[in-house]
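Handing you a structure now.
The first chain written gets the first letter, and so on, giving A, B and C; residue counts start at 1 in each chain.
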Amino acid sequence: MSRVLEVRDLRVSFPGPDHRRFYPVDGVTFSLERGKTMALVGESGSGKSLTSLALLQLVPSPGRVETGSVIRMGETDVLALRGEALRRIRGRRVGMIFQDPMTSLNPVFTVGDQIVEGILAHFKMPRAAARERALQLLQEVGIPDPSTRLKAYPHQLSGGMRQRVMIAIALSAEPEILVADEPTTALDVTVQAQILEVLDRLQESRGMAVLLITHDLGIVAGRADRVAVMYAGQIVEEAPTARLFANPSHPYTQGLFASVPRIKGPLRRLNPIGGSIPAPTAWPSGCRFRPRCPKAFDKSELEPPLLTVEPDHQMRCWLAEEPNKNRG
Amino acid sequence: MRPVLDALAAAWRHPQGRVGALILLIVAVAAIVGPWLLPDPLSQPDILAGSMPPGLGHPFGTDQLNRDILSRVVTGARISLGVALLAVALSMTLGAAVGLVSGYLGGVVDAALMRLVDGALAIPRLFILLLVLAVWERVPVLALILLIGATGWFATSRIVRAEVLRLREEAYVRAAEALGARRRRIIFRHLLPNVVGPLLVTATLAVGDVILLEAGLSFLGLGIQPPLPSWGGMILDSKEVLVSAPWAGIFPGLAIVITVLSANLFGDALRDAVDPRGA
Amino acid sequence: MSGWVLRRALQAAVTFLVALAILFVLMRAAPGDPLLRLGGDRPISPKEIAVLRARYGLDQPVGRQLTAFVQGLVHGDLGVSIEYGRPVTALLTERLPATLLLGGSVLLLNFTVGLWLGVRQAVRRGRREDRWLTTLSLAGYAMPSFWLGLVLAWLVGIHWRLLPAAGMQDPLLSSDAGWGVRAVDVLSHLVLPVLTLSVVSIAATMRHQRSAMLEVLRLPYILTARAKGLPERDITWRHAWRNALFPVITLFGLWLPILVTGSVFVEAVFAWPGLGSLAAGAVGNRDYPLLMGTSLLVAALVVASGFATDIAYALLDPRVRLA
């Protein structure tokens, strides 16, 4: 098949208090395919951002990717790469978009410069040709009057435009994988839709595999092909989008859906999930959602593996074996 | 008082801070106790005997008047540290006062004061002191302390003012104002305790600066007057015998370096404790 | 942007005027009579004092003195040196080049070696090289410049006889020596004073550059640059350093007074014929007009350099330039 990225048992560790390490990403497995979008959904503290950073060995020190983790892009074992070989895949195989375009762009260089250097880092061509490409990229991401914008500085652009520039930069080296870490969170609601539409269009025209990281279930629907829900450093449910929305099975996922405020229909009380996110330095024993789970039972004291709910739909919960307990 | 003790404790836990603090303590103890244990540095200068290299009776050697350098260095410590501490205390008080008033009152008072500070900072501190001291025959130590103190508050007032401007917007200050508290009360009760942290850092680093400044003044003949031993004065004396007795200048200089270095180490550790940003 | 430049220029002018006023007040308020110093060992008769007082205008009321002072300033007349008997302005002009050479060389070293070391430290943070350099810089910062100068003069100049330790030129150099020989001679005399001043100043520059770099390296756009696949060298020098330069540039404006102070001692120790040794000598001779003139010049330099660094900052930061 056209599997472009395979991640298996990814664990990221950080040094914690009293010399022990803790694992904000603790055994994550998923894969990406050409032309498909995978959404990684979770709240802050779930480990989703670190997962994306690990793909390019960008985990900030003193964190590190633990041995036993596997990250493969086609034939390439990413975790075995060092130095120049590693630099070559950054931007070229995977393009990354970060959350806040204001702080993610260097304020002292023009937008054009920042795109051009992304191109020239991976392709040998005269500067003028690179500038032409940059112009085309700006057009592709839907920036009006691109030739003027090339010479603009980040602070002269609006939030939405800056994020489009970020996308252009991410695409500058023609990657086959695009990782978008909360691409719309820092933007106004009206602009969010526009940016997502740009991403959609680009994915289709370029056939990229997209990893969309978000805490917002709303942008997942109708956009992602598959969804993986993360909690406490692990994937707790994974399925094609339609199936997850139709049949959310993990109590955490159910809680997420239930807590979304609805505009239509009768007024109801807001339904947040009780309790709070555990700190990565102290994951709960057994099932990590147990302290907050309304359906916890005696078996929850054992840490569950990923179990099948229905074909192509897994969850990390013992309730998979006892579906009658999982009603409602 | 609490924030001060907390900051000091944190600086003590810092490895370099602890080294700095320990060395400062040793110097301070030596300065206080030393002169009693060692031969009198003001003892009869014996020009005929001349200088002697470091040896058994004189671990640091003697200078050209055959005075024991170790005891002069230790007595000089007393004077240098004393001058530095008192002058810094004066500078900090003045700087805090001006910074608090200027920052809190704002308006014309603030503008005028800060323009004054800008102008004063344009003239290097040494030159201000040179101008005033040059016409003095022999500067009394007290006058020296007052002068050094009076010229050292400019930068401090800016730092304090910046803190006050920041704190002025804090909720508890606004609340106090809304409750009708008098300005004096707000300054003393709410602003001053929060300014103490940065002030302490500035003070510690200023001690090092003043030691260097006073040594420089003494080197130019303007600071501590002989026969009182001062580190700078000793270095000045050693210029004559640089070729024949280099140790006469090396040891007082080392004393300065060690003391200032420790003050800076401790001051840095304090700064980390008070404001952990950056490293 | 031009409005901003104008405002800054105005501020600089006001600052200088305030400095001028302070200097004048100091001159009048200083205890003791500068004229009594004049005689030295020779006693001065009251009649001579009266003559001198009239000559230096000290018998006029304060207001008149201030006006005369400012007027003289505008015409470039800073009075006459008591010790040299020549116009102060002439003396300052004569000695300025030597100090510029010294100061310029020190600044050059600071902005090359100092910045480079600071960046290196930040990039290799926490490793042995970083910690050693930090210790060295803290030690260098703690040294009195005159002491270091004497130590170096003794060690290199006298003990090892490697370099000259006094003056700017070899007095024994024959008058028809070529241009190249003269240049080498001056350079060899320049080494020790520059080294002395540089140790202290580079120590501080290094520390500030290091902390500025560390702050910048934490920022999100550095992550973006890395994710783009840019070479590490570009990330350090193009992306990070360009932004870490700002705090160091503004620091330069504050640094000048310290450099000037240091040069007073270093020039005195090495008998370098610049403004610093001029001031040090003026102190010994209680030469008030000369001391005043030098202080004024220094204040003007400090204000001017502060203004220049503000402009440099604005030119380098597009956020200010295009506001």
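Annotations for the structure displayed:
Keep this in mind: a contact is a pair of C-beta atoms (placed from the backbone, for glycine too) under 8 Å apart; a residue touches a chain by one contact, two chains touch by 3 or more.
Note that the structure is a prediction, hence the values are computed from the model and not measured.
Centroid analysis (C-alpha atoms only) places A farthest from chain C. If you tally contacting C-beta pairs for each pair of chains, B-C comes out on top. Per-chain CA centroids place chain A at a distance of 55 Å from chain B. Centre-to-centre, using mean CA coordinates, chain B is 22 Å away from chain C.
Contacts with at least two other chains are made by no residue of chain C.
In the complex of the two chains, the chain C residues touching chain B come out as 11, 14-23, 26-27, 29-34, 37, 125, 138-139, 141-148, 150-151, 153-154, 158-159, 211, 214-215, 257-258, 260-261, 264-265, 268-269, 279-280, 282-284, 286, 288, 291-292, 294-295, 298-299, 302-303, 306. For chain A in complex with chain C, the touching residues are 56, 58, 87-92, 94-96, 98, 100, 103-109, 117-118, 121-122, 153, 155-156, 166, 169, 172-173.
Listing the residues of chain B that touch chain C in their complex gives 115-116, 118-128, 130-137, 208, 212, 215-216, 219-222, 232, 235, 238-239, 242-243, 246, 249-250, 252-253, 256-258, 260-261, 264-265, 268, 277-279. Across the interface of their complex, chain A is touched by residues 219-221, 223-232, 234, 239, 242-243, 316-319, 322 of chain C.
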